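You will see subunit A twice below: alongside subunit B first, and alongside subunit C after that.
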Partner chain A sequence: MTAAYHWLFVPLTLGLAMAMAIMETLYVVKKDEFWKKAAKFWIKLFAINFAVGIATGIILEFEFGTNWSNYSWFVGDMFGAPLAIEGILAFFMEATFFAVMFFGWEKVSPKFHLASTWLTGIGATISAYWILVANGWMQNPVGTTFNPDTVRSEMASAAAFWQVISNPVAVSKFCHSVTSGWVTGGIFVVGVSAWYLLKNRHIEFAKRSMLIGVIVGLVGSGAVMLSGDSSGVHAAEFQPMKLAAAEGLKDGGKRASFTIIPGVKIPGMLSVLATHKLDGFVPGINDILNGYTDDEGNVIPSVADKMAMGREALDALATYRERKDSDPAAAAAALEVLRANERYMGYGHLEKPEDIVPPVGVVFWAFRLMIGFGMLIALVLLLCAIGLWKDKLGSWKWLLWAGIICIPLAYITGQCGWIVAEVGRQPWTIQGILPVNVAISSLSAAAVKTTFFVFLAVFALFLVIEIRILLGAIRKGPDFVEPEKR
Partner chain B sequence: MAGKKGIFSFFVDLYGDGFRNMTWGKPLVWLIVLKLVILFAILRVFFFKPVMRGMTEGEKSEFVGERLTRKQPTDTINF
Partner chain C sequence: MTYEFLQNYWWCLIALLGGLLVALMFVQGANLHLGNRKLSDLQKRVILNSTGRKWELTFTTLVTFGGAFFASFPLFYSTSFGGAYWVWVLLLITFVFQAVSYEFQNKKENLLGVKSFRIALMVNGFLAPFLVGTAVGTFFTGSDFTVNKLAIADPSSPVISVWGNGWHGLDALGQYHAVLLGCALVFLTAILGALFVLSNVDDDEIHSESRRSIKVATGPFLLFFLTWTVILLVRQGYAVSDTGVVSLEKFKYLHNLLQMPAVLVMLLAGVVLVLWGIWKGGFTKSRKGFWLAAPGTVLVVMAVFFLAGFNGTAYYPSCADLQSSLTIRDSSSSLFTLKVMSWVSLLIPFVLAYIVFAWRAMDKKRISGEEISGTPDKY
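Now for the complex of A and B:
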C-alpha cells in the first residue's frame, strides 16, 4: 500500500520531466520565448507534484525495519548497494539540478538551465532504475548466494553485482515503469491542455503543449507495449504462477488462448505472448501445482515435492546452525543438503500447495484494466494527434473531455500494473525463497493496523492538499499573455 | 554562473534568493517541512520502531535464523 501510494507521484515526475525538457529544448534551439514560458508553467506543475511526492518513499524504509525486519536482514547485503546508490543519486542530482531548474532561470545561461532540467528528469529516471533493480531481484533473485552463517542473501563478487543490476526482470520492469510514466505525463499535459481548450483559454499555449504531450504519450505507449511484451515473457519464465493468475488459466497447454474478458478468447495468443511461439506451452495453475514438463523438456516438480525439498533445506539449515561449532562433519553434511535444496527453501514454510496461488480474481481484473485503459489512452492520444493535425480539436469536444478523463485513468492503469506485479507474486516476498509470513516481523495485528491507519490518514491529507494546489495552479494558468495568432 | 567565485557560494545565493523571492512555492516548502517533521519526529519516533534496534550483527543473524527455521513465529511486540 505504501509503495502504491509512492507510485502515485513517480509516473508524473518521470513523464512531465520529459515534456517540460522537450519544451525548454525548443526554447533554447529555436530561441522562442513562448516555449520558455510554456516550460515554466509545466515545471511549476512538476514542482507541486514533486513536493508532495518527495519523501513518500522514506516511509517504506521505516517499514523495512519495523514491519519487515526478517526480510530486511535477509536482503540487507543485496539491497544495500542499489538503495545507497539510489539515495545518493536522488539527493545530489535532485537537490542540485532541481534547484537550478527551479530557482536558476535568471542566474545561469539558458543552456546550463536546459541541462539542469534534463538532468532533473534523468536523475529521477536513474533513481527508478536502482529501485527496480531491488524490486526485480525480489521477482527473480539472481546473482546472490544464501549464507547460512549470516542468514542473508549475499553478493560474493563484482560479477554477482553485475548479474543483479543486469537482471532481465529488472531491466524490463524499468523500461515498462518509466515508459508508463511517459504515458502518464503525456496524457496529463494533453488533459490539462484539453481543459484550457474547452474553457477557450490560452488556446495557442494549449494546442502547442498538447502536441508535446501527444508525442511523449505516444512514444511512451509504444515503448510500454514493447516492454510489456518482454515483461510477459519474463513472467512466463520466472513467475509462471503470476501469469497463470493474470490469465485465470486453470489448465494450461500448447496454443493457449488469451482471455480478453471471460468468454471472449483469442486462440493461441497467450502462447505467442508468453513464449513468442504459436505452440509454446503455458502452464496453468493446476499444472504448476501438480508439476509439468516445459518446452525445453525440463521437468518442473509439483509444489508438494518442492515443499518436501524446502523442508529438507530448512531442517538442514537448522542442523548446520546448531552443529557448526560442536560437530563440523555433521554441519558440512547438513550444508550439502541445504545447497542441494536451497532453491526451494521458501516452499518449506508453506502449509499446503495451494498457498502459492495468489488472489486470482484481483490479478485477473487488474491485468485487464491495465491493458484496457492503456489501449484507450493510446487511442485518445492518437486521436488528439489527428485532431491537432486537422485542426479539428475545437469541434471535437468529446475528445477533449476524453483527454481529461484519461488523466485519472492513467493513474488507475499504473496502480493496476502495480497490483499485477506485486499481488501476482504472492505469497512470495522473494520468489521461491522467502514467503511473506516469514518475511514480516512478529508484530501484533493491532500494531500494524495502527501504523497503517496513521500513515493512511497523514498521507491522504497530503494527497488532498496536493490536488488542491495542483488544481489551483492549473485554474490560474500559464503566466503570460499569448500573441493573438502565431 | 559561479565561475571561480566558488560553487558553494553560488548555491548559497541560488537557494537564498530562490526562497526569498518565492511566491506560489512557499506553501510547498512548508508542506515539505511539515511532512519531514511528521515523518521523522512523529512516525519514526512513536510508530516505526526498528524491531532489531540495538542488536549486534550476530544477534540479528540468530534472531532471523531462528525465525527462518521454525514454522510459526509466536512473539509479538506491542507498542
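Now for the complex of A and C:
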C-alpha cells in the first residue's frame, strides 16, 4: 500500500529528471538562456514532487521493520548488501546534489550545477535499481541458502551475490519501471505544454518543452514494451500463477490463447508471449493447483503435495533445532529431511491449496488497463511528434486535450502495473518461501489499522496539496516575459 | 577478515552513522528557534532556508542509519522496529511532515497555511531528538521482548520477536533513565542548531538571539546529560560471556569504560569539544563554535554506542528474558554479506568528500535577509 503511494511520485521523479537534465545540458552547451529558464521551471515542479517522494520512501523502508518484523529477519541477510549499496551510493548522491540543483543557480558554476542535475537523476535511478534488486529477489529468490541455525535465508558466496544482483527478474523490472517513469515524465511535460498551447501562453516554451517530452516519452514507451515482454517471460518461468491470474487462465495448455477482453481471444498468442514459442505450454490456475509437466518434461507437483513436503520440512527444522546439542545423529537425519523438502518449506505454512491463488479479477483487469492505457499514451506521444513536425498542433486541439488527459492515465497505468506485480504474487512475500501471514510482526490488528489509516490520511492530504501547488505553479508558468510569441 | 572483526567493524559504522545523525540533527534544533517571538517573519525565513539546504542530509543519514542496521544487524531491526512500534512510527510521522513542510509552507495553495507547517517543523525539532535519544537510552535500560527463532516453524504463532506489552515501545517513556537521554538530546540539538545558524547566517539580531538560546539551553543540557552519565556508570549492565550467556553485572558500564581506555578518551574528548564549542559560540564573538561542537557530538555518541555493544555487552537487552538480549555476535548478518558490505563501505570516504565539496561550494557566502528577499530559489 505505501509502496503504491510511493510509486505515485517516483515515476515523475525519474522521468522529469531526464527531461530537465536534457534541457539544462542544452543550456550549458548552447549557452542559451532560454533553456536555463525552461529547466528552472521544470526543476521547480520536480522539487514539489520530490519532497513527497522521499517522505513516502522513508515510511516504506521502516515499515519493513515495523510491520514485517519476521520478514526483516528472514531476508535481512539477502537485502543487506543491496540496501547498503543503495544507501551509500544513491541516497547521498540524490540528497547532496538536489540541494545544489535547487539552490545553487547563483552559487556554483553552470557546469557544476549541470553535473548536480544529472547526478540527482542518476542517483534516483541507481536507487531504483537496488531497490528493485530487492524486490526482484522476492519474486524470484535466487542465490539463497536456508540456514537452519539462524533460521533465515543467507547469501553464501560471491556467485550467490552475483546471482542476486543480476537476477533477470530484477533487471527486467528495473528497465520496465525506469522507462515507464520516462513515459510518465515525458507525458507530464507534454500535457503541461499542451495546456499552455491551448491557453495560447508561452507558445515557444511549450513547443520546445513538448519536443523534449515527446522524445523522452517515446524512447521510454519503446523500452517499456521490450522490457514488458521480458517481464512476461520471467513471470511465466518463475511465477506461473501470476501470469495465469493476469490472463484469467483457468486451464492452460499448448498454444494457449491470449484474451484481449473476455470473449475476444487470439489463439496461440499467449504461448508466444510467455514462452516465445508457438507450442509453449502455459499452465493455468487449475494446472498449477493439480500439478503438471512443463515443456522440459519436469513434473511439477500439485500444491497439496508441496504443502505436505513443506510441513515435513518445518517439522524437520523443529526437530533439528531441538536435538542439535543433545542428539547429533537425530539432528543430522532431520537436517537431511529438511534439505530434501526445503524448497517447498513456504507451502508448509499454507492452510489449503487454494491459498496460492491471488485475486484473479483484480489482477486480470489491472493487467488489461495497464496495457491498454500504455498503448494509448504511446499513440498520443507519436501523434504529438507528428503534430510538432508538421507544425499543426495549433489546429489539433483534440490532440492537446488528449495529451492533458494522458497525465492521469499514465498514473493509472503505473498503479495498475504495480497491482499486477504485487497483488499477482499474493500470498507470497517471497515467492514460494514466505507467505504474508508468516512475514508479519506480532501487533494487534487495531494497531496496524490505526497506522494504516493515519498514513492514508496524511498521504492523501499531501497528494491534494501537491496537486494544488503543482497546478498553481503551472498556472503561473515559467519565468518569461513572453516576448517569444511568433 | 574474521567474522568477529567484520561484526565489530559494522558496529563501528553504525556508531559513526548514529553520531553523524545526532550531529546533523542541528536541523531539528535550529527549527525549534522558529518559535522565537523576537524574530521577524523574514528572519524566520532566513533560518528556514539555512537549515533547508541541509535537511536532506539529516534525513538521508536517518534512512541510511536504519538501512545499515537492517543490513548488518537484522535481528535488531526486526525486534526493535516491529516491537517498539509506536516509538518508530511516531518518529517517522514527524519526519514525513518535516520533509514536505519546507517545500509546502510558503506556497499559497498549501491548504493549511504557513503556521501549521512551521509547527510541524517544531514538533519534529522536539520529538526527533527526544525519541532517538530515548530509544538509544533503552540500549542500557533494557526492553520488554522475547526472541525465539524456532517460532517460524510453528504455523499457529510464527513471529520470532515478540514484544511483551501492549504499549509497543511507548513503555520506554516509563524508563526514567532512557528519558533523561532523550531530554539531553533535545537540548543538545537545540544548541547545535543555534551554533549552526550563527555560522551560516548574516544577521546581527539572529546572532544575538542564537547566543542567548545557547546560554539558556546549556544548563538543562548539562543537567540531563550528567545525571544520565552518572546513573549509567553506577547501574547494573547486561554482560555476555564467551559462550553467549547473558547475565547482570554490577557497574558493568563503568567497567567497560575503564577496560576500554580508548572509549574513555573518546568520550572525554567529545565532551570537551562540545563544551568548547558552546563556550566559543555562546560566550565569545566567534561564530565557529559549531565546528567544535558537532565533531564533539559525533565522538560522544560513538563512545556511547561502544559502551553499549563492545567488551562483552548486550547492546539491546531484554528485561523480559535475559537470554533474548541481542548482542553484536548473535544478531548480525552472515559473514559473506558483511564482507560485501564492507567492500562497499570503502566508498564512504568518497561520499563524504563530495558532500564536503558541495557543502563548501554552497556555503561560501552566508545567507542573509537580502538574499532571501531577492532570489526565487528558496523555500
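For this structure, a couple of remarks:
Criterion: the second predicted complex is superposed on the first by the 479 of 486 C-alpha atoms of A that agree within 3 Å, B and C clash if a C-alpha of one lies under 4 Å from a C-alpha of the other, contacts with A are read in each partner's own complex, and residues count from 1 in each chain.
Here is the rule we use: contacts are C-beta pairs under 8 Å (C-beta built on N, C-alpha and C of every residue); 3 or more make two chains touch, one makes a residue touch a chain.
Given the structure is predicted, the values throughout are model-derived calculations rather than measurements.
Superposition model on subunit A: subunit B and subunit C are shown in a clashing arrangement.
After overlaying the two complexes on the shared chain, residue contacts for A:161 are found with subunit C alone; subunit B is out of touch. By the touch criterion defined above, A:471 lies against subunit C but remains apart from subunit B after alignment on the C-alpha atoms of chain A.
In the superposition on chain A, contact is made by A:99 with both subunit B and subunit C.
The wider contact with subunit A, measured as residues touched, comes from C rather than the other of subunit B and subunit C. Contacts of A:317 after superposition: both subunit B and subunit C are touched. Within the superposed three-chain model, A:454 lies in touch with subunit B and with subunit C [touch as defined at top].
Shared-chain residue A:287: touches no atom of subunit B or subunit C. Contacts of A:87 after superposition on the shared chain: subunit C is touched, whereas subunit B is not.
Annotation: subunit A residues 47-48, 51-52, 54-55, 58-59, 62, 65-66, 69-70, 73-74, 96, 99-100, 102-104, 107-108, 112, 150-152, 314-315, 317-318, 321, 349, 438, 441-444, 447, 451, 454-455, 458, 462, 465, 469 touch subunit B in one complex and subunit C in the other. For subunit B in complex with subunit A, the touching residues are 1, 11, 13-15, 17-18, 24-25, 27-29, 31-32, 35-36, 38-39, 43-44, 47-53, 57, 60-61, 63-65, 67-69, 71, 73-79. On subunit A, the positions that touch subunit B within their shared complex are 44, 47-48, 51-52, 54-55, 58-59, 62-63, 65-66, 69-70, 73-74, 96, 99-100, 102-104, 107-109, 112, 149-152, 314-315, 317-318, 321, 349, 438, 441-444, 446-447, 450-451, 454-455, 458, 462, 465, 469, 473.
Per the touch definition, subunit A reaches subunit C in the complex via residues 47-48, 50-52, 54-59, 61-62, 64-81, 83-89, 91-100, 102-108, 112, 116, 147, 150-152, 154-158, 160-161, 314-315, 317-318, 321-322, 348-349, 437-438, 440-444, 447, 451, 454-455, 458, 461-462, 464-465, 468-469, 471-472, 479. For subunit C in complex with subunit A, the touching residues are 49, 52-54, 56-57, 59-60, 62-64, 66-68, 70-72, 74-75, 77-83, 85-86, 88-89, 92-93, 95-97, 99-100, 102-104, 107-112, 149-150, 152-155, 157-163, 166, 168, 333-334, 336-338, 340-341, 344-345, 347-348, 351, 354-355, 358, 361-362, 364-365, 375-378.
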